[in-house]
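Letters A, B, C and D mark the chains in the order given here, with residues in each chain numbered from 1 onward.
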Amino acid sequence: MAAVLTAPLAAGLAAGFTAGPVVGPALVWVALLGPALCALAVLLLRRRAVVLVADVVASSVVLLCGGALLAGVADGGAAVVTAGGLLRVDPLAGYLLVVVGAVALTATWGGLSPGRARSRRGGRYTTLVCLFLAAMVLAVVADDLGVTWVAVEGTTITTAFLVGFAGGRRAVEAAWKYVVLASVGVGIAFLGLVLLYAATRAAGDPTLSWVRLVTDRPAVDPTVARMGLLLAALGFATKAGLAPMHAWLPDAHSQAPAPVSGLMSGVLLAVAFGAVLRIQRLDAVLLDGAAVRTLLLVGGLLSLLVAAVLVVTQRDLKRMLAYSSIEHMGLVAVAAAVGNRLALAAMLVHLLVHGLAKASTFVMAGRVLAVEGTTAIADVHGLVRSAPRIGIPFLAGAVTLLGLPPSGLFLTEAALVVAGLRSGYGWAMAIVLVLLLVVFVGMGRAVIAMTLGAPAPAGSSEPAAAATEALSAPLAPVALALAAACLLALATPLAGTLDSVVAVIGGAP
Amino acid sequence: MSGEVAGEVRVVVAVVLQTVVVVVAAPFLVGVLRQVRARWEGRVGQGLLQPWRDLVKLARKEPLQASGSTVVAWVAPVVVLGSGLLLAALVPTVTTAGPARLPADLFVVVSVLLVGTVALGLLGLDAGSAFGGMGSSRHLTIAALVEPTVLLAVYALSVPVGSTALGPIVEGRLADPGRVVAPAGVLAVVALAIAVVAETARIPVDNPSTHLELTMVHEAMVLESSGRDLAAVELGSWLRLSVLLALVANLVVPWGVATAGDGGPGLPALALGVVAVVVKTAASGVVLATAEVFMAKLRLFRVPELLTGSFVLAFLAVTGSYVIG
Amino acid sequence: MSSGDASQAVALLAGLELLTAVLLAWRGPASSPRGPLAVQGFALAGLVAVIGVAEGEPVLWLVALLVGVLKGVVLPTLVVRRPSRAAGPAAPPAADRPATVRPVVRPAVVRGRSRVPLLLGAAGLVVVAYLAARPVTRVVTGATGQALPVGFALVLVGFALLATGRRSQSQLVGFLVLDNGIATTAFLATGGVPLVVELGVSLDVLLVVLVLQVLGSRIDTAFGAGAPGGTDLDQLRELHD
Amino acid sequence: MSLRGWLSLARRTGRIAEPAVPRGADSAGAARADAGILAGSVQVRHVDAGSCNGCEIEVAAAFGPVHDGERYGARLVASPRHADVVLVTGVVTRNMAEPLRRTVDATPRPRLVVAMGDCARDCGVFAGGYGVVGAVKDVVDVDLEIPGCPPRPEAVVEALRTVTRR
């Protein structure tokens, strides 16, 4: 969807981009401050209309700026640097901005809820979502790894109350576990960054700037640097939902409101994984790159295993989707570990496509909850016939997630396997395929049981207000996102852009 | 008389003086503890002399022995008193000088402590009364938890000196006061202080003034002793308390102690050492008694927790003394 | 200040941090963690100040002030604060789910597990920390490298506290010890991360503790128990597979 | 209460013991001559032979902060083996007659038996009761008697001071 929507706009902006050096930095600041200003507007104005659309506006701002920046910096453009070098947008950052914007637009637009905007806490919800977006943008555009860390920790803080937003014992339990586990995991990452900083200090030039580390290649002590990079990768991988540090993810994703689940699942994981990618690049540049690669390979396969085992036995729809996210992050991690150009390109597309599909599916899962009053898989039957406005898009989203053609995920997964075989990871690819099959069967069975077949006899004839709202909610964002998820991988003009992104994270041919 | 012999004589004189000072002062220390407690409670108190009066009176009374008690009933008090006297001679309180043939080595000191502990435990068991056996069992449990801590703590203190003898350890701290505030030293002294509190049956491990048999540890073991047997046991325990307290005081504030120097400590140094150790021990007694007033005795099941904690501190002190000094 | 004095001061303050960490592991369920946490925070601030003096970096004095206020005063106070039920608006239950009314039970006696395994575990963790820090102490020059294992030890002990803590307050304490450990490592190994990062990190930690504090009081409301130190988190078992 | 609270309470309270009164004339001729070695230090074992607990309260008061019997060298102990004085309260009941005898036998010489309260002296209101063996003097030799029902703490302290001679 990103390219579909923004191509003309981005082209225009990119033209202006090359015109003067002011436009690039300005775009970075707009992407960063736009969501923050939206949050401020909600706090100050408190109008219902503002509360309703502020997060959608913020997402659009991020998407537009991200598209323009990506168009500007890709294909040989110079990276945009501002704030004295603290912020820097290279093709990877631009691409991740586009992912953030596109997925956030899907989730917030699809999650538009006049009912929530009317409620007393609607303002708080929208404020937190906007701040969450701002934190993610900061995490993506920061060049200093310390600032990235601060921003990633900021995403935990801003989402804490969103996870517990529903209230009640389960939501507050999920929020507690989420904050404790995520902040401890990310704390470990900070310890890693500290060690990295100590290593660079001993090498004579103390810095946490990613680009300086990559270009200057200081002669760091290998043991300390490896410890630091491993801890940092491990810490950020916690936030990216890689097993065995995934324990918070199913709880948080199943208890958060649907749009927030979509955001967390679709982009927060991707943003955290972006940090892991930068750590991996550092490992490759400063050391031999073996340590982080092994970590990613083991973590990725373990994530696939965990997801496969638990998706099959899952009884809750949103938890099932959460485990599906763990599965896809596992695939992404394996792709990053394989590390050749094909695998990395597949991984990048996979991040975007999975984000769009997952956000749509979560949005639809929220509507399922609103209509059926439950997310228990066993209690939902025949959605396609009882509520086609919900059942059909939900089925489409689930099928996209499962990677059936024409889903983009089919292509990326196929590309990953091919890339893995080419690089001599045959055994890993065999495991990946088996586990993918298990997930496919487990999730497919549940989705078919929920959507196809005869609906259960209607119990209460009086639909709740939330159900009415869900049945009339817009389908456009979901449709657009799913269409993009299917078509995007076929868009050959984007290959050049992808190439330049892959170059940032160092894809060996 | 050659200088060497003269030096040895002076060392012997110093050690004898030290023992006498400790024996005379130990009941006074108990008097201080009781008096401080009384003053915190708003009472007048019985005066510092009272423990001495009690001892003299007990020694003049007819010792009774429970029917069925064995030779242990009169041997054990002698052993307890003997171990206390030996501690008073060995542990550097007034002077760090010690006879060469009887080193105040860490392991010797802990063994002497243990001999007294075991004798006391046997004394509790001897009469075959229920409370005595219960007290002995608790006492030996606590001892088993405390001894490793004492060993580790003193070992940690010995690392920077390179000797496990107590005299050089105290001298080393005197020579290099930085060690007094070094983290390993602080951890070890804290661990040692807790171990001393447990070893001498003070609050929070044991309540020396309890009348409830079910909560007793030390008192339960001596329930059957009377007359001069009781006097011996009490004096032995008080000697232990005074010596260990003086040791901790000397480790924390090593100044004033008479060092071995060349050819044994001179008389002025010894006089200063006596004054210093009396002042230091009395001060630490005031601190201990004050702390006791504001603390409750721990449940017996919580005591292992306390002692594990002190063991961990001692352990950290050992690791720390190798790494951060 | 000579380098000998500096290294002695660093060793003393680091030892103080280690001691307070052990005290926190040692502490019974009813005693307040505020004192040891505050001492740990001030020790950390002192460490920063000493490094600032030793390396002649006035910026570190500012950081020391910040650390002292944050970790010595604000965070320990936040941890022990029990927000009153009436003050904060409790989250109303979701409309579609009826709120279960539970009697508010306040146990008079706080149940506590034996701390012995945790204490012995902490001792083991300290050894692990010393071993793990060895390569780092090799590259860190100056007076501070010797004390570096203390930072690692604090991280591990904090982790153990967090993992074994049964109450919201104990987990919070574990988190703070962990964070103090990371900060100690940062200052000892690098003389402090860049000021911007330091400010951001401090803000993050403050916000995380605030968030956890609010969530803790919500847990108390939701699970209906206001024991000292927060609800027994073993009750949090509604979400599982 | 916090530690600071305790400290300030202790400071505000100060010393609450009654001022020491000069010791009265040696009224207790019953104190034996060989008890002289007890001067200055008397350990008291308290035996409740069948009391109504009135005397127990007064014993506690006599050794409490206000009357502070300890300042005159008397001290309560937990075992008759440690004691010099057996302080008996109450009438001697059937169940306590033998334990009382044994307790006195277990006390090393020189020892004194003090009968405290009217019940211990002459059975008081319990005289003739079916469970009563008699007064203390009917079971063991009594050296000193403290009249009163119950005796005031001052009287208890005064009686003990005739033994400690302080």
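Observations on the model:
We take it that a contact is a pair of C-beta atoms (placed from the backbone, for glycine too) under 8 Å apart; a residue touches a chain by one contact, two chains touch by 3 or more.
What you see is a predicted model; the values in this text were computed from it and never measured.
Between chain C and chain D, the least number of touching-chain steps is 2. Taking the mean of all protein Cα atoms as the centre, the chain whose own Cα mean lies nearest is C. For this structure, the chains sharing the highest number of C-beta contacts are A-C.
Between chain A and chain C the centroid-to-centroid distance comes to 30 Å (mean Cα coordinates, whole Å). Chain A and chain B, compared by their mean Cα positions, are separated by 66 Å. If you average the Cα atoms of chain A and of chain D, the two centres end up 83 Å apart.
For chain D, residues touching at least two other chains: there are none.
Pairs of chains meeting the touch criterion: A-C, B-C, B-D.
On chain B, the positions that touch chain D within their shared complex are 38-47, 50, 53-54, 56-57, 60-64, 66, 210-211, 213, 216, 219, 222-227, 230, 294. Those residues of chain C that touch chain A in the complex are listed here as 91-97, 99, 132, 135-136, 138-141, 155, 159, 162, 168, 171, 175, 178-179, 181-182, 185-186, 189-191, 193-194, 196-197, 200-201, 203-204, 207-208, 211-212, 214-216, 218-219, 222-223, 233, 236, 238-239, 241.
Interface of chain D with chain B (complex): residues 3, 6, 10, 13-17, 20, 37-38, 40-41, 43, 65, 68, 70-71, 73, 75-79, 81-82, 84, 106-110. Across the complex, chain C is touched by residues 86, 144, 146-147, 149-150, 153-154, 156-157, 160-161, 164, 166-177, 179-180, 183-184, 187, 190-191, 193-195, 197-199, 201-202, 206, 208, 221, 223-224, 227, 250-251, 254-255, 310, 313-314, 319, 373, 464, 466 of chain A. Across the interface of their complex, chain B is touched by residues 8, 11-12, 14-16, 18-19, 22, 26, 28, 114-116, 119-120, 122-123, 126-127, 130, 146-147, 149-150 of chain C.
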